[in-house]
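Think of it as A, B, C and D in the order they're written, each chain with its own count starting at 1.
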Amino acid sequence: MKAERASNCWFFDHEDENTFTCHRIAEQLFSTTTKYQEVSFIRCPGLGEVLVLDNKLQSAESDEYIYHEALVHPAVLAHPSPQTVLILGGGEGATLREVLKHSTVKKATMVDIDGELVEFCRKHLQKWHQGSFDDPRSEIIVRDAWDYFRDATNKFDVVIADISDPIEEGPALNIYTREFYEMVYNILTDAGIFVTQAVEVYYREEEYHSRIHKTVSSVFPVTESYCDYIPSYSAVWGFVIGSKRHSTGALEANELRRRINKRIDGELRYYDGETHLRIFSLPLMVRQNIEKQQTIATLAKPIKVFSA
Amino acid sequence: MKAERASNCWFFDHEDENTFTCHRIAEQLFSTTTKYQEVSFIRCPGLGEVLVLDNKLQSAESDEYIYHEALVHPAVLAHPSPQTVLILGGGEGATLREVLKHSTVKKATMVDIDGELVEFCRKHLQKWHQGSFDDPRSEIIVRDAWDYFRDATNKFDVVIADISDPIEEGPALNIYTREFYEMVYNILTDAGIFVTQAVEVYYREEEYHSRIHKTVSSVFPVTESYCDYIPSYSAVWGFVIGSKRHSTGALEANELRRRINKRIDGELRYYDGETHLRIFSLPLMVRQNIEKQQTIATLAKPIKVFSA
Amino acid sequence: MKAERASNCWFFDHEDENTFTCHRIAEQLFSTTTKYQEVSFIRCPGLGEVLVLDNKLQSAESDEYIYHEALVHPAVLAHPSPQTVLILGGGEGATLREVLKHSTVKKATMVDIDGELVEFCRKHLQKWHQGSFDDPRSEIIVRDAWDYFRDATNKFDVVIADISDPIEEGPALNIYTREFYEMVYNILTDAGIFVTQAVEVYYREEEYHSRIHKTVSSVFPVTESYCDYIPSYSAVWGFVIGSKRHSTGALEANELRRRINKRIDGELRYYDGETHLRIFSLPLMVRQNIEKQQTIATLAKPIKVFSA
Amino acid sequence: MKAERASNCWFFDHEDENTFTCHRIAEQLFSTTTKYQEVSFIRCPGLGEVLVLDNKLQSAESDEYIYHEALVHPAVLAHPSPQTVLILGGGEGATLREVLKHSTVKKATMVDIDGELVEFCRKHLQKWHQGSFDDPRSEIIVRDAWDYFRDATNKFDVVIADISDPIEEGPALNIYTREFYEMVYNILTDAGIFVTQAVEVYYREEEYHSRIHKTVSSVFPVTESYCDYIPSYSAVWGFVIGSKRHSTGALEANELRRRINKRIDGELRYYDGETHLRIFSLPLMVRQNIEKQQTIATLAKPIKVFSA
């Protein structure tokens, strides 16, 4: 019996026009093209199963827990009593999974424009959603977020934007704008908190992260950036919180520990009090980049990140 | 509706440790691991469907006709009356397909060691075999060629070796040897002709091609090399004919044309009299390489080509 | 003392948007940017020294002799008495080197638009020109070929176009056109012969090769294609001859041998009578591609090949 | 005048056998092979000048300040009165540069086994050392660290190991061992502090980082890991501190700020109190990896990281 040979098929994940990471592909599992994006689901040694949208590595089995725990828990814990949560995007169902770990949450509404992607994930990404789509507290709505906002009558304690990067011709180009954040502000309750993924914080994207920060701060009284490394992205990923009242980063350590113990059902692998301290403490030059940023993104002049 | 984006998955086809060709993968279709080799079936823009064995591009829809016409027709046409043909290897069924175009052929026997590969090809490579496995003149035997030779009682007018390259730990390492060619000689009828694929003729493999030539010539009275470019291999591919009596290259042009017209049913896309002239006329340095070769490959000291 | 480690720097040579070949770089030797093109001179294991123009592998030490012998000798030998030869392009000096091997040649004029490239080659590509720039029969003129044609008063027995591929924004875009070939026709003597490199004959470029053939044939009474494999190009390279009177391909074998022996000083490594037979015998589908081509390239609608 | 074309030469930086990052090369500047390693100095868009040792990206102009500030300042500041500092390795001179920013330091001794590398850096890496080799407080010794330790008579307040990764056949294989750390312990003064770069903390290297931590803790009473992202490494880089008395991570924020202001001359771009908080707060699973590690590296069983 012959020894197994490593595959010679590779996925190229482009950072920018001068840098790309090559991941060996063990197996191409499924792929489809929806109305909005190209969807590919592969398996890579080291990364496990990997979701690729429009040629960009979106989520890897090996470390999606880092991204999703980082996205969800700080903002939800910072709210004194989060009962209703709105997720924008989040097709994999993993953001929903993390939200549902909060025992205070009575209703989690997920609005994704791409129903075909949601169906694809429901079918193939069981490791991500782990059945969260079928939780009685979940409501899945296939709709454009702008339309949803226009017609919505109820409000939310927390809004989480788990939407792909703003690329040319991509579905997310108008999401990272002041106009969008104003819609978010209006749908939040009085002590409401908003969090959005906010692209890479280093390299050329440092410009984009700080611009998202600046844009959120043009709408919300309290704005905070935090970030940590996502191995499969080969990048330190940024998040921006816009809050009407409470600071997330300033949550006192003992109080944070108390809330984690009291409110979260199920295990966290990445996030706890010390991790919180890490990710809300930014390196000096990252803080400086944010401070000197003057440009606000608008529908007329949105952020466009590199796409391959 | 968004514009289609080219995939960012690539197949690396290694020539040697310093050179490899990257082919964009449109789709990974099927893959399996047999007892003998890793089999992958992909689709590439420009190449169409592609069979990959042990990480080496084996056959591409776009140009397999060049390889298979070049392998089969010169030797079969050079025989005055080929009625029985033995194919060694040839799992895709395309060599069989070309053999069956010869109206003189009454029986085509194919012996392949890898029954799982033959089944895989029968199922997925319809474009290659085009039903030739089911032709009443075809007989498919899953067996090691050495065992087959040992027990065989009948003889053949033409033997065609369509076997993958001799790589370390691969199933073909002992095939490109004098001992094997002696077995072939013995199973041929009096005017019998043998042809084998004989690796790339340039670069480091020039050494291997000429060694196959030298080895065949240590067994057969008439030995001839010919070669032509296979685009998907990024290489000029060599073939070696060992014949008991007739020369293939020296076939007179009018006689060759007559035989093609009279004996071949079905269309040829690549091979005709002018192509014959081309491929049997070798560039000067290729002839020199063959002439100066002194080493014969044996079981004790077989040829080993680069594998990735 | 530690073992030597192979470099991990690679040159990507793009065939088209779906295929590229990676060559390991042993050393980057020299590079410059002229008014017309980016010039890079590297060393690769297996290829030796390599000239790269505008990111395209132009000439490799290991096999430049194939290209240059194929380009020069058939046309020059087909002329009964070639005394004056005009080379268009040919900055490396190797085309000049081959032309000067013909003892009949009294004057070899080389016209290249890119004087900086010629200087670069004179300095660094000794292995190519081997001093031919300094031969008393050589004349080097740095000028646009169009301007040269307009003002020229003398005529030539043979014109050789050794000019890079017609790429968007490249210096050669208007060279592969009927208008240019008309200028060439007029500068030729009565039995004059013109030969041009004519891109790859397979893949998507088959369309371009046949269009060059068709375009030449719209100007010259005798037009012939020939081709052979250039390993470092990973391609079968085409050439087109336009002749006022004599056929090159139809040169009788004994006469060809006689002319080679009589007229050529110095050794040929690739080209001889049998090689001639090979390269002027085209594979069936290549002939068919040429025959069915109807489009003539003009200044208004030139050929543009892929560039990376 | 033609538009500039991006180079198509790429440097492949291998993480492991399944992952590599491709950086476009703008220019290969200088290269050499010393007795111990292959040295290459290139320029990449985005990264600036880049030092590559044995095919591994070692240091990039764009972000070397992150690595070197992180390596040097925490340990030196944690010492109440660091007067003598020993640097092991550090050929680029940037670790020395950072050490010399501390006004308390009276003598900085650098011991590097590879004198040819030190000379190469002194000549070509001015952006790194910025003249620090010529500072009157600097002493450069070309010697194997083991030999130096054996013969040394003086002691040091801080020892900094800035040595390349332990790769098979590399010069650093025996450095990341208990035996080596015992030598370090003995050369430290009573309140002495040792810091070493300690490879990547994620992926397969998480195993190596935690093993270095465990090994240091088998020798030193106080052991602390910290880490942060180095963009050009596409990795979160780890560091381990072994201290005889003082904790570095537990330095009180106001005291740290006071020491930075008082002791450091020159600007820091990356490190300050908030950055300190970030890098000494480890993500949950990184802490767990360190806690569960039981294996100590020894000369008999050293750590070997992947090399390409």
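In the analysis below, a contact is a pair of C-beta atoms (placed from the backbone, for glycine too) under 8 Å apart; a residue touches a chain by one contact, two chains touch by 3 or more.
Every value quoted in this text rests on a predicted model; they were computed, and no experiment measured them.
Listed here as common contacts of chain C and chain D: no chain.
For the pair chain A and chain C, the distance between C-alpha centroids works out to 55 Å. Rounded to whole angstrom units, the spacing between the C-alpha centres of chain B and chain C is 33. Distance between chain A and chain B, defined via averaged C-alpha coordinates, is recorded as 53 Å. Residue positions of chain C in touch with at least two other chains are not found. Chain contacts in this assembly form a single closed ring in which each chain touches exactly two others.
Of all residues in chain B, only 6, 16-24, 44-46, 66, 202-204, 228-229, 231, 234, 236, 268-272, 274-275, 277-279, 281-285, 287 touch chain C in the complex they form. Across the interface of their complex, chain C is touched by residues 1-5, 7-14, 25, 27-28, 31, 33, 35-38, 40, 42, 52, 54-55, 169, 308 of chain D.
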